[in-house]
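Following: one structure in structure tokens, then a few remarks.
Labels run A, B, C, D, E and F following the written order; every chain starts at residue 1.
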Amino acid sequence: MKYTVGLGDMLASFSPKGYERFLQANEFDITYTGAEANVLGSLSCFGLDTRFVCRIPENDIGTAAIRHLNGMGIDTKYVVRGGKRLGVLYLEKGASQRPSKVIYDRLGSGICEAVPADFDFEKIFEGAGWFHFTGITPALSDTTPDVIKEACIAAKKAGCTISCDLNYRKNLWTSEKAKTIMEPLLEYVDVLIANEEDVEKVLGIKAEGSDVENATLNHDGYIAVAKQLCEKFNLKAVATTLRESISASDNNWSALLYTDGKAYISKKYMIHIVNRVGGGDSFSAGLIYAMQMNKDPQETVEFAAAASCLKHTIEYDYNLVSVAEVEALMKGSGNGRVQR
Amino acid sequence: MKYTVGLGDMLASFSPKGYERFLQANEFDITYTGAEANVLGSLSCFGLDTRFVCRIPENDIGTAAIRHLNGMGIDTKYVVRGGKRLGVLYLEKGASQRPSKVIYDRLGSGICEAVPADFDFEKIFEGAGWFHFTGITPALSDTTPDVIKEACIAAKKAGCTISCDLNYRKNLWTSEKAKTIMEPLLEYVDVLIANEEDVEKVLGIKAEGSDVENATLNHDGYIAVAKQLCEKFNLKAVATTLRESISASDNNWSALLYTDGKAYISKKYMIHIVNRVGGGDSFSAGLIYAMQMNKDPQETVEFAAAASCLKHTIEYDYNLVSVAEVEALMKGSGNGRVQR
Amino acid sequence: MKYTVGLGDMLASFSPKGYERFLQANEFDITYTGAEANVLGSLSCFGLDTRFVCRIPENDIGTAAIRHLNGMGIDTKYVVRGGKRLGVLYLEKGASQRPSKVIYDRLGSGICEAVPADFDFEKIFEGAGWFHFTGITPALSDTTPDVIKEACIAAKKAGCTISCDLNYRKNLWTSEKAKTIMEPLLEYVDVLIANEEDVEKVLGIKAEGSDVENATLNHDGYIAVAKQLCEKFNLKAVATTLRESISASDNNWSALLYTDGKAYISKKYMIHIVNRVGGGDSFSAGLIYAMQMNKDPQETVEFAAAASCLKHTIEYDYNLVSVAEVEALMKGSGNGRVQR
Amino acid sequence: MKYTVGLGDMLASFSPKGYERFLQANEFDITYTGAEANVLGSLSCFGLDTRFVCRIPENDIGTAAIRHLNGMGIDTKYVVRGGKRLGVLYLEKGASQRPSKVIYDRLGSGICEAVPADFDFEKIFEGAGWFHFTGITPALSDTTPDVIKEACIAAKKAGCTISCDLNYRKNLWTSEKAKTIMEPLLEYVDVLIANEEDVEKVLGIKAEGSDVENATLNHDGYIAVAKQLCEKFNLKAVATTLRESISASDNNWSALLYTDGKAYISKKYMIHIVNRVGGGDSFSAGLIYAMQMNKDPQETVEFAAAASCLKHTIEYDYNLVSVAEVEALMKGSGNGRVQR
Amino acid sequence: MKYTVGLGDMLASFSPKGYERFLQANEFDITYTGAEANVLGSLSCFGLDTRFVCRIPENDIGTAAIRHLNGMGIDTKYVVRGGKRLGVLYLEKGASQRPSKVIYDRLGSGICEAVPADFDFEKIFEGAGWFHFTGITPALSDTTPDVIKEACIAAKKAGCTISCDLNYRKNLWTSEKAKTIMEPLLEYVDVLIANEEDVEKVLGIKAEGSDVENATLNHDGYIAVAKQLCEKFNLKAVATTLRESISASDNNWSALLYTDGKAYISKKYMIHIVNRVGGGDSFSAGLIYAMQMNKDPQETVEFAAAASCLKHTIEYDYNLVSVAEVEALMKGSGNGRVQR
Amino acid sequence: MKYTVGLGDMLASFSPKGYERFLQANEFDITYTGAEANVLGSLSCFGLDTRFVCRIPENDIGTAAIRHLNGMGIDTKYVVRGGKRLGVLYLEKGASQRPSKVIYDRLGSGICEAVPADFDFEKIFEGAGWFHFTGITPALSDTTPDVIKEACIAAKKAGCTISCDLNYRKNLWTSEKAKTIMEPLLEYVDVLIANEEDVEKVLGIKAEGSDVENATLNHDGYIAVAKQLCEKFNLKAVATTLRESISASDNNWSALLYTDGKAYISKKYMIHIVNRVGGGDSFSAGLIYAMQMNKDPQETVEFAAAASCLKHTIEYDYNLVSVAEVEALMKGSGNGRVQR
């Protein structure tokens, strides 16, 4: 099986114990995370070979981040050491009517100052079959769009399929800037993962009839959007998760895949949430795995939806589930009987 | 903004980790709590200046309690040091069909032996605009009713509005004794917070048609009671929370405010509970804040209900939420989407 | 009150904190457990005198297991020290669509090599009124069926009622072997606890119309099975729990008792689960307690159902609830109001 | 082997994690302790049968204390349930130049209101061979001296040897009161454990040439005192520990036994302290064990010194060591090589 | 008593549990710290009124830092909210031959962008009697030297004594830059705290005969340096700690105060270290307290040395000791006997 | 740089928190360990490429062990999945006079049933330059000696240097059996690591004049032994650690290397111990690293001694130190000054 390569930022993620608020926390759990690394971690649990590319500072916290990736089974041979700091994020877990809260402190992290010359993309994509990136990386600095662009060119040359999770973050850039940067990058992309908000904010394409805040979802509107995207950017597939937020504790969850002019919608799961961070990344991973396994579109969206459903029951950012566990949920009733 | 003053007892509150029972706990979380202190802590999070008055023993556990109050931003300049012990309470968190359990061990705590002469009420109420007390304090000993009475007189003299949370505790005194003590104190009170059980047990006024145990609530009955109370004690307002206990894990929650001859009922929240301790105190705080901000009655009861809804999602006794967070819930859908 | 005796295996049970998966756990909670010990622990909380019989290795881990039993108030005077190891089990707690997972590592534990001569059954059953065992013990090795048989003979001689929880475990033996071993032992049994799966797998008797995996339960089918069992094995009573698994977080729970030719079904509880391990054992304990107290059949099944409902709200394997707490749930609304 | 009986108070002991001070602690470890219970716990680890007598309140915290004793293997059949509260103590562990700190909050604990009639001493001492009490119990209230006196009378009648650890606590009573109460009780005592400070403060007998504060110890002075004590109270033996406090982290430790007109001094241990609480109680236990085993005086004092040396390496109050471990230290070099 | 004012940076300090290394840590303790805040925290424990001035970002982590200061009893009314981030430091505790390790990540923290106009120094120094700053603050950015200069001018105007801890940090600036910035600021300083390395690196004045790395200390050399400093900068006093590092676990500790042309050297303490972070700050606090109390020079240096000796026995950065505890060590033997 | 290969067993290692004893522990830290894996983990921290070979069961606990190795940077591509269980060990950390205690429960672990055919040694040693094994592996079962033999043959063929740590464990086999098995394997060995006890027990060669139990070490005796070993088995080098156990808390530590007919002795370190487990393995790693780096003998033994000195200051089994940290200790004073 060929490597899946991801390129993006790494952060030290600090979260208070249980449901404690920042104001009362004296202890924090630490994990090392990043959207692309989360995707690779999940793929690694599915048994794929994965390779992560980043620029990480040369200190013990940076080394700890790398060891964490190794502990997920991710190859880090091509991680470049450099930069002044590892970015930090603070995550407070919400419950019921109280939303989760994320405070980013990623100013000047290693990847922000990276330039294409830092990476030997030819070697990086040796033996690679898939390249995944997200819209977060080009948003981080003025040099990162070029890094992604060069990576895409090398990936294409190596014969990779390229997936992109649009992942719009309003505190990183404006819609206008996002559009200017992302549109040219989408030329290289085969598979786009993007929810309605992403598409509207980054690409200016709006689905009619949905109201994200109020958890009403309009499949038809989204399908129309997906069709437009496929045509405009010559995409092989567009996918999105369909989250209905009932509260910070309970969500409904399904997914939609549009490919070859048709839409495929998964089963819907009613989830009692343990930790929803990384839900989107685990969906990307499910999708990438299923597509690499050449599953048919319905199976693909079911696999990705089931995988990401399970993520919501797992602590921290990585989706530590096996293919067997995902398939058991796809085929079973999700009734949670003890496995002995 | 003028100070809000609270006077009452402080306790060391020990609770086992998570859902452990007393019988299996080897570690306890400690927090320092008290009904009035909880109210002030919440007001302090709303940005108000607060002052707590108590009598706390001169040892490190007592000092820790004071530091805890300071850490909530509460002024403790007028806490008197003295007495033999800080009271203790043991709290076991319930779940589903298993109720939470509180064991009080507050015999002979500092405030129990306090007398009016221990406090310089004139100075205490300098710059104060509101005074809050609960029915717990006069119940604690034979000297505390006098302390509260002198505090009320000084507060009135300083121009304070006075609020009282009736908070009847059957293990502290009988209905008869409560009535004898509380009725004269209510002469000083402007705003009364009291649920049906409190009113019935302390003041002997019963709402028809409700069954607290079985979570059926009768708004009309309570409104009639509130009317009676306003007339009898010349109150500016009467307020109550309306809790429907479905289980120790799930409650419905709303609130009712009666003022100027009219009743105002808040939105109802379906809460998946993290910790319900301090729910009533957070409601008092929401009410006191909104009234000091001169919000209209509907906004007032909505603010108090939303604030205390959020308390149920927060660990330990204090309602660590900001005004912005309360308002987001009042105006939003409470769908718990991540805030980045 | 006479002793209740239990005989079975003990294991060190390691479980990650909260909802962590094995793959991410750096700390494990340890408890010492076993189906029969769990039953005795619960009976001991109900105030009965209990005695546990086992063979436990002569090292500090073995001693810790015994101390744990003592700490539950269980008499361990007749625990035999010997064998190479204490068995181990690893328990990962599930949530929502992710099931709990148990990995057994009990190969060659102390009881496996036990022979009847290791135990002085005459003394063990001195003063005993009830003997309980489960189908796990005879499944553990070639010598344990004889141990159970000799225990049953001695128990009968001492005038004990004998209960057996069939507890079929497919990773310990085949249906065929289970049938061969268990049928002769059932000759000694008065009270059989067995769910549909147990009965079908061990005794080859199938209830029509139920689908355990999909949480549809067919009372009539089970009653027919119970009737057959009572007749075939001359049983005084047959009982079963009726679990509807909605997810790993939510279950419906009730119970059925068949005795004297009639079936008694308990109230149904909708449980938000803290920890479901030991649910079946807590039901056995409730049943044994109620029958020893000579409660009528309906009260008996209600007591056992309420007791085991509460188990689901308690961490680890033992049902740390008092008779008063069980009765409060039986008679109350289970609305979980705080007990002060 | 006959039972060893202890009678005294039980407390919930709360201590911050590691070396945290009270002022910074958010979590406390809890253990349930008492001087006499500590002695019994240690004897139980040595394999003796032990019985603890106390009056403990009828609530879950009281029950947890009893379960804790059971978990040490101590028989609690004769613990009386009653009283308003379980006493509390707060323990802060010192290090280097910072001393450990204990805050007692034991006012009105169960035993304080106990009277002789609460206990059926005849039954309690059935099968007993030894009775142990400390000077703390008679100091707790006006009724406890009578309880101890009646216990002594019954113990003597049952043929017990009686040991007393003088254990003077200046915050419980004055020297004068201690003398008045303790002297008559010493009439029943066979073995007295008392350090120089105890003897001076309680009995007014002063050893020349020692300075406890400055860790200079004068064996000859103490031997003279012991001689006097034996003669005055017709004692079989007097024993003391010899602690040289270098810092809160390092102590030298040995012991002295005076019996039959001769003094026996143990080996001296240089201890790097884990937790010194319960050091004296573990010495009493070592002494009681060795005397019951009829070891000769030198072996007795060596056993008691080695046992209590090991206590300093163990967390919390109980000396969880076996006879084999004590003997290995007595005979070995104490070099701490790993035992595999 | 007049206020003591401190101005400087605040950081979130993350440290792994116990002696874990960064590479293996999954949990971090958090505390909020800063050299000047540490000094104020200690003074607050001594009972002085303190006021902290800083610029702290407007997010929950910033608010948590402020609440932490409040919980130490420090007034934060004049903390300005602003800036992009709270700086971070990672602290790994060393042991024996393995040194402690600090990784700073303070780039662009709130104070770095502060300018004099952010602060209303007239109000800040109202009622103040002492102002303390360290050499860290002017090293942080190009604007902070001006902030400190304006603060000094206002402090002098308000009649404050000014103390400065030179605290040279080689990773913040070069010796040359430090000299250029610090020399003009020393014009305002009355009391200088500086060890040999600080003086050499910042002011270019070298003591002969010492070797800091090898723990040989040369009092005469330092006294000569102190004399020079007093003359050159017209100082009232110069003080330094004298640390002999034997290992990360054991240090010898004493202090030297030079004032009025004479040198005063304290007692020397052999410390078994719990946590040495903040040792220097606790010395500054001891000095500032003793000087404000008008103790004579010998008493002053003894108080400061004893206070900072105790800091080494306390977890995290703040010296949570009372005046009574410091005096007990000054006057006692430091033998660490339990205080009951 | 070429790979270093290790082959041996893996165990789940459970240890109570801090200094808790097994009898009181409710939580255990878990790590996954094994003598050879520890050596590789250390080499990986030194920056070498490492490969671990083992047979590990196909369940989540086995997978967690592999992930743990990956997290150390160790290549596990050639770990074979199979067998019934992962072995377990329980480790209780000693202090002062109380020794650490290890309880092994490794019966029937994956490697025990391994046969040479399970491993593709040709591939395993592709690109390898060094092979390390210990005397534990051949002791585990009847098939493991053959596995080691085949590995040695393949390693030699691939041009590897082979090192063996004799590591005699009396609870695994007798001296006689050890001799029979180990002598033929030593034919393949180039570098032997063995302390006096190992050599005496396994090879029957005794050094005169030492007494391991009493921490007197006789260098001359050991040198004579090393000479004999080199000659008999045609070894390139023999090395040993020289541990003087003062107590479980304090050890002196140095090392001796015999090569080319000469002995080289390292500096001696006085260590205050955090955790001594893995001390020997970290010495092997230091030796293997230094020899691969072609350091001269004195530097080699200094590097290995310093590396393993640092291990004693680190929690759990792996020596998480860098080459720079080892060299800093070799060249510095070990005075433990904070590194900022």
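Here, contacts are C-beta pairs under 8 Å (C-beta built on N, C-alpha and C of every residue); 3 or more make two chains touch, one makes a residue touch a chain.
As the structure is a prediction and not an experimental result, all values here were calculated from the model.
J.: What chains, if any, are shared contacts of subunit A and subunit F?
T.: C, E
J.: On C-alpha atoms only, rotate subunit B onto subunit C and read off the angle in steps of 5 degrees.
T.: That pair's rotation angle lands at 120 degrees.
J.: From subunit B, which chain is the farthest off, judged by mean CA positions?
T.: F
J.: Give, as an integer number of Å, the spacing between the C-alpha centres of subunit E and subunit B.
T.: 41
J.: I'd like to verify one number: the distance from the centre of subunit D to the centre of subunit F, where each centre is the average of its C-alpha atoms, in whole angstrom.
T.: Inter-chain centre distance comes to 44 Å.
J.: Compute the distance, rounded to whole Å, between the mean C-alpha positions of subunit A and subunit D.
T.: So the centre of subunit A lies 62 Å away from the centre of subunit D.
J.: Do you know which subunit E residues sit against two or more other chains?
T.: 18, 21, 23, 26, 67, 101
J.: Name the shape of the chain contact graph, picking from line, ring, star, complete and other.
T.: Drawn as a graph, the chains match no named shape, so other.
J.: According to the definition already given, which pairs of chains are in contact?
T.: Going through each pair of chains, those in contact are A-B, A-C, A-E, A-F, B-C, B-D, B-E, C-D, C-F, D-E, D-F, E-F.
J.: List the residues on subunit B that touch subunit D in their complex, please.
T.: These residues of subunit B touch subunit D: 14, 21-23, 25-31, 59-61, 63-64, 67, 84-86, 88, 90, 92, 101, 103, 105, 107-108.
J.: Subunit E touches which residues of subunit B in the complex?
T.: So the residues of subunit B in touch with subunit E come to 67-68, 70-73.
J.: Write out the stretch or stretches of subunit F touching subunit D in their complex.
T.: 18-21, 23-24, 94-102, 104, 169, 171, 213-215, 245-250, 276-277
J.: What part of subunit A is in contact with subunit C in the complex they form?
T.: 18, 269, 271-274, 309-310, 312-316, 318, 320-321, 325, 329, 332-340
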